[in-house]
Amino acid sequence: MMRETILEAVNLRKHFRSGGGLGRTANTVRAVDGVSLEVHRGETFAIVGESGCGKSTLARLLMRLLDPTEGDVLFDGRSIAGLRGRTLRDLRRDMQFVFQDPFSSLNPRMTVGKLVGEPLETHSPELSARERRAKVAELLGRVGLRPEHAGRYPHEFSGGQRQRIGIARALASGPRLIIGDEPVSALDVSVQAQVINRLHDLKEEFDLTLVIIAHDLAVIRHMSDRVAVMYLGQIVETGPSEQVFANPRHPYTRALLSAVPEPVYGRAHDRMALKGETPSPSAPPDGCRFHTRCPFATEECRKRVPEMREMAPGQGAACHHAEKIAAEHGSPVAVTGSGRSEGAERRFAMYAEAIADRGA
Amino acid sequence: MLAFIGRRLLVAIPTILLISVFVFLLQQLLPGDPILAMAGEERDPATIEFLREKYGLNDPLPVQYFKWIGGVIQGDLGISLRTNQPVSELLLQKLPVTIQLAVMALIFAVVIGVPAGILSAVKKGTVVDYAANVVALSGLSIPNFWLGIMLILLVSVKWGLLPASGYTPPGEDLVRSITTMLMPAFVLGTALAATLMRHTRSAMLGVLKSDYVRTARAKGLYERRVILRHAFRNALVPIVTLTALLFGELVAGAVLTEQIFTIPGFGKLVVDAVFNRDYAVVQGIVLCTAVGFIVMNLLADAAYFALNPRLRKS
Amino acid sequence: MAHVSDPATADSVLDAKPENRVWKKFRSHRSAMLGVFLVAFFVIIAVAAPILPIQDPTATSWSAVRAAPSAAHPFGTDEIGRDVLSRLIWGAQASLMAGVVSVAIALCFGVPLGIAAGYFGGWTDTVISRCTEALLAAPFLILAIALAAFLGPSLGNAMIAIGLSATPIFIRLTRGQVIAVAAEDYVESAHAIGLPTRKILTRYIFPNVLPPVLVQATLTVATAIIAEASLSFLGLGQQPPAPSWGSMLNTAKNFLNQAPWMALWPGIAIFLVVLGFNLLGDGLRDALDPRET
Amino acid sequence: MTETAPPLLEIEGLTFGFRNQSANLVDGVSLTLGRNETLCIVGESGCGKSVTALSLMGLLPPDAVRIDSGTVTFEGETIDAGDFARLSRLRGDRMAMIFQEPMTSLNPAFRIGNQITEAVRHHRGGTEAEARERALEALEKVGIPAARQRLDEYPHQLSGGMRQRVMIAMALVNDPSVLIADEPTTALDVTVQAQILDLIADLQTRSGMGAILITHDLGVVAQVATRVAVMYAGRIVEIGTAQEIFEDPQHPYTIGLMSSVPRLTGPRQRLSTVPGLVPTPDGMPEGCRFSTRCPFARPTCREVPKLAPVAGEHHVACHYAPLETRLEAG
Amino acid sequence: MLRKLSLTAILLGATAVGAQAQDLRIALQSDADVLDPDQSRTFVGRIVYTALCDKLVDITPELDLIPQLATDWSWNDDQTELTMQLREGVTFHDGEPFNAEAVAYNINRSQTLEESRRKSEVASITGTEVTGEYEIKISLAQPDATLLAQFADRAGMMISPAAAEEAGADFGLNPVCSGPFAFDNRVAQDRIVLTKFDDYWNADEINFDSVTYLPIPDNTVRFANLQSGDVDIIDRLAATDLEQAESASDIEVASAVSLGYQGMTINVGNGDRADSPIGENPAVRQALSLAIDRNALNQVVFNGAFAPGNQSFPPNSPWYDQDHPIPERDVEAAKALLAEAGFEDGVTVEVQAPNSPVPQQVMQVVQAMAAEAGITIEITSKEFATMLQDQSAGDYMASQVGWSGRVDPDGNIHQFMTTGGGINDSGYSNPEVDELLNNARTTTDTAERKQYYDQARDILVEDLPIIYLYHQTWIWGLRDAVSGFTPYPDGMIRLEGVSLED
């Protein structure tokens, strides 16, 4: 199913200079180094990678919270680079952000009502105070909070509740696209599930496009339609989630998937061990950036930068040896059953039913 | 490290120039004509005119400034209007005095403040902590000129234990030099000790909560070692930095302390110079203390550098 | 995630607004309450001075010059026969005014400049920061003395001098805070919803920069009171016959032998009121610090 | 684990709380750990798993915490849980611990070697040179390349994964018989996490050391645990072998937790969640502490459920276990 | 005598006593300025010169002129030529001989050195003629009754021509004179050390190997130093400490009424600000003067130790006009005067005063007294430097200021009261007074001069451009080990004959 593109990045680069000044050589951190991607209207697009891969910077470039060193971002086909004043405000209305840390992303000195009402104030100034209050109450309801919460302050809420406030705030302006930077990674497992479900429901309800940045592959798989895997400022693999997770083409994606422990007893691991850790983005290796850790690396990888090539419909990987590796090695993710006893399966079913009944 | 200091020195130059402009302007803005006082009780107009000319006070301000700063760059800070002594010579005379006072005050402050800070951090929430805090706050709240007056009244006038004032160079008579300076150093050191104590306490509290202190405990080390080696070593960085930065406060505090105890140091010199409109002296001292302050800042940075392995190697 | 204190803070629904929480924390802070008491005591005394049943602070009595404390003059009389107690009470006005007004001046200049430097960065920041640095390098009291000498000795001028001398402290503090706050996620979130700069400054930056500035202001009031006393002590502050504690001490130091009470009471008064502000500032800091429980 | 061999470590009835709170932080926790065994304590934040570990090490702040009861039997020696002094004698020697934050757990002011030899010399005495050799050995054992050179480096010169290896080396340098690891991989990237988990398992196999692993990640638990204890609000709600817990979970909380975790395999379906919030110490429910969030809660749940055996070593603290029979029947 | 036990003494143990070189320590109220008699301008500087530099003539405590470096002198008949015989065998500290050439050099330097502050003092001299190795003839344009008195002060101090020539204007950094003590070293604001000059012509009278001057501005601290025995003599013991000093067994006190005065200078004709009730109307000034109880002022501020005053000269001076005794306070008369002048509702006077304790105290007392007569005094505190500037620029209404005093009466009155006088800050101008004071200056007959001054006083007590308040008394505090000290009204500390019996 091919849908129209709502957000497009064209060869985005963001280089940070640090430690420069008076006779000291500046250190350039290539946080994002040549990223192109397309997000389709109505889908959930995920960007996954380990710490320091540049995914958060990428998210901020897409939002124009940061200006790119090079490249362009198109929203609805229009470049967002030069927007200012009214047009920038319009972009902000259409594109919203949910932050990773629900503790630090809400102004501690504003009530929830004010926080959620603020985008309305900015983007729908025609609303009266009462109308705005009503809208805020409605939004709070949508994210699973109660209208009377509007008078409280963020610190009175738990992490999960705060993340819902953040989501309500993002929804308030009536955006068409929401970018979530690790929206659930700071939450406890049980709460994380609540928020994931909520996001999914809201997406349907408001006909949103979601861009989710995360490091947790299981969460990504669960939430996203398409995924892009980042390593050292570049996208190494992209494609429909099911496809990428079942049949990864880039050795880094393989390694990531194989490293994730599944909560199933006795799962045999065909683990693809990676040596060492991610190199510094201020001095990325030549050639393929992954070659220093890649068990399949050859002389060619050290010298030549691999291009993104289409491996399967909609799936691309930037690896010289992708086909060969796929042919020689099976899927890193063993597909097996749940490993639960019969009684357990019944208990899980009962539980799911009970929870569904509760209407959580 | 050397490159770092060199870089910092380069950065300091515009700051120092800026200070020199401030000082110069401020000084020029002062009302009152020093020449009038210099001309003597008779105030002969010819003498006044001659002196104005002699000290270049008839030149336009920028000219005066550039003459002065030009001299400063060559090490000539001008001469005192009041005593005709070269300002640099005056400064050199006063510097050891103020340094002795400052060092004694600092020693006092460190010896009292740091252990008290450690103790009260370790015993947080106990009577010891509470008492230390009360004493420290009192130390901060006592106006030190009043403390000085009261001490003179009690220790010197009533009990006759210590000399009330004056200064003896240590080279001349070390014991007397130290005894004379005891009270002023105490007065000047009280507030510093209090500041140090409070900062040591909060630095220690911060460090004691840190993960590596927990690690040290998990190793099974004795608590004393955990506190003195692992915690204090890391709290030391902000403490040393602060101590260097306290220099500014020391000099400011010395102004009054020296005034009260008649110690012929920087502070006394500057106050008298301001009151006598002894321009060159005021400019010289403020510039000198500002440079001193910047140097202390630099030392603080250097100490930070030296104590912080993270920076040392990079 | 695994701190001992976690169960106490995690997910607990604390009551009411942050202001209330701060107030509650502050109220339970015993030494802060002592500070409040001390400050309130002196404020009340200062305000009530005109209606208190005390003698005219400028009324002289040639027959009772430097008289020791007695029933008529519980704190004794001064060098020209004025009642020390009533001068002390009226002097509270000068000292408190000096503290509060000079800090207000410092805030008026320091906070906007600090915000400008911190938020806009670039050349604005460079110019402001360099000047701040240069001013900070000149010791506070020397600066204040020179300024006070420039403006001429009077209480008002002393306040201006102290205020201006304290300004760089607030510029630097505010700038640092603004830079810290501006890097907070919630400020980024304000950008993300498209809030105009003016509102970001007034709703996001300013209120979050305020608490530490407030704490510093309280502590600086203490410093300013001492500074005013110091300037008065050097003859650059409150001018006679109006009383201020510093000028009382200035005179008193000439009569230490004959009239020690003249030096004793103003000193104690300064000590207590400064202690009060210091305790208050400490209490505020603890109450406003989200990390301390 | 057989009945005959005495356990390496036995915790009995551990109960404690904050001095200023009436509810217990940890309430009647009993655990055993055998040689070569990995016991995973799993639960969400605030469930009491970390403080349990800290109490074993005698690392709880004595001025803030009251120990109500409990004993720790370690290698045959029974110690009162409140006896921090005796517990502290074990730590770093017979019992070692590593923490979640490798970035901040090493003292930034001292060299790596120094920090390790300190632990050696404190417990073993000997010269600095001897201790240095031991430290070197330990670093090599945890797979740090160019170990000799690392001895003279400072923590900031190492990556997070390397620091965690150093922490492990430091913990293991005195050959402890128990290693307590509190979320040792949570702060690390998933690829590095795999390396560290493998390392711990490998070291355990070599030395026969028992390990207590505290984590919230059920994936990690499934991968490394021999036995699992699920904690909720300061109590153990379910305990058993890893197989028992994963294949036949009994407690509604365990089930809820497992349902909440998104999976890499299997069908993508809506996640079941655990509704509500973890109770705070001042709002602890009577009886079963999970009752406020349990979809199956009944009036009976106002009574404290006993940790009762289900099968073998598998114990669960629920009035209605097994759910499918007890609830559908009743 | 039992010297108070100080901690220092204990620590020092035995080293405290012994046949060491004897040093006399004198605490001064402030630090001296340039140590060049031709450039110097401070009072404390003069105290130091007393030991450092001999003058041509000296004074007795009764203000009679006596020989010092000049052994004898005579005037020609029309009083325009002064011939002085000089002391033989005197050398400067650098070994240079003192002779008539040196005197000529010194007079010339006082007149011509550009930095010289002595020019007006020796303005009447038109030339010098060396008439012998030890004889010099000084010619004047017109008779100058004040000249010899000037020679008893800085204008008469002889410095070594060789040293002066070499150092030029920097002479003050290392002064070379011919006094009993030679300059050793100086640390500004801390000490000036002089050592005994062995070749001094009057060396027998000198009992110390060295003398150290220590500036200690704080009265209490200065006194404390005396009490603890750290100094031997203190300059200007505070009047309020007098009682305590007198009752102390080991302290002695000496005093002398000074030559100077303190008062309020009124702006009567110095620029626009003279347009005030008090500047325009002598009756207001008289009323203010009448409102002040000078005795009470002296009692309150100075414990009665100073001398109340109403003229340029203290009441004990031979120049004091007994016809105008110190007026009794008369509030009613003051009010009547005001009413008569049209100020029934009172007047307001803005008085500037130095921001130091004593003037402030004085003015507050005056303020309180004047208020009762309906005169509101507003005190404006200024730093001394600012005040002087405003005063000479005429930017003031009234000013609390004084004069340190001169040996010759002319110095206390002429330049203040004559039209265009050098320091006539009040802008007072009265041809009659001008003539009287000029006459007094050129007359050498004492009785005749006194008449002129008295006649001027008759006018001045009505016009009151300066309302005199009091005359300071010099009070010295001495350890009782010090003997042979003589108080002089000029406030100097002369060391001849002074000894220390430790």
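First chain written, first letter: the chains are A, B, C, D and E, and each begins at residue 1.
One rule holds for everything that comes next: a residue touches a chain if its C-beta (ideal position, glycine included) is under 8 Å from a C-beta of that chain, and two chains touch if they have at least 3 such contacts.
In UniProt terms, the chains line up like this: B, C = Peptide/nickel transport system permease protein; D = Oligopeptide/dipeptide ABC transporter ATP-binding protein; E = Peptide/nickel transport system substrate-binding protein.
Every value quoted in this text rests on a predicted model; they were computed, and no experiment measured them.
The minimum number of touch steps separating chain D from chain E is 2. The minimal number of chain-to-chain contact steps leading from chain B to chain C is 1.
Seen from the C-alpha centroid of chain A, the farthest chain centroid is that of E. Centroids built from CA atoms put chain E at 38 Å from chain B. Look at where the CA atoms of chain A average out and do the same for chain E: the two points lie 89 Å apart.
Measuring from the averaged C-alpha position of chain A to that of chain B gives a distance of 54 Å. Per-chain Cα centroids separate chain A from chain D by 31 Å.
Annotation for chain B: residues touching 2 or more other chains are 31, 149, 152-153, 157, 260, 275. The residues of chain A that reach two or more other chains are 158, listed in rising order. Residues of chain E found to touch two or more other chains are 218, 220, 382-383, 386.
Chain contact summary for the complex, chain C toward chain A: residues 10-11, 13-18, 21, 184-186, 188-196, 199, 203-204, 207-208, 290.
Of all the residues in chain A, the ones that touch chain D in their complex are 50-51, 158, 160, 188-194, 196-197, 200, 215-219, 221-223, 242, 245, 255-267, 269, 271, 273-274, 277-278, 333-341, 343-344, 346-348, 350-352, 354-358, 360. Residues 57, 59, 63, 88-93, 96-97, 99, 101, 104-111, 118-119, 122-123, 154, 156-157, 167, 170-171 of chain D are the ones that touch chain B when the two sit in their complex.
Taken together, the chain E residues at the contact with chain C in this complex read 218-220, 223, 238, 240-241, 243-244, 296, 299-301, 355-358, 360-361, 363-365, 367-368, 379-383, 386.
Of all the residues in chain E, the ones that touch chain B in their complex are 4-8, 11-12, 31, 33-34, 36, 39-41, 114-117, 119-121, 169-170, 172-173, 187-191, 214-218, 220-221, 224-225, 227-228, 230, 382-389, 392, 403-404, 415, 422-423.
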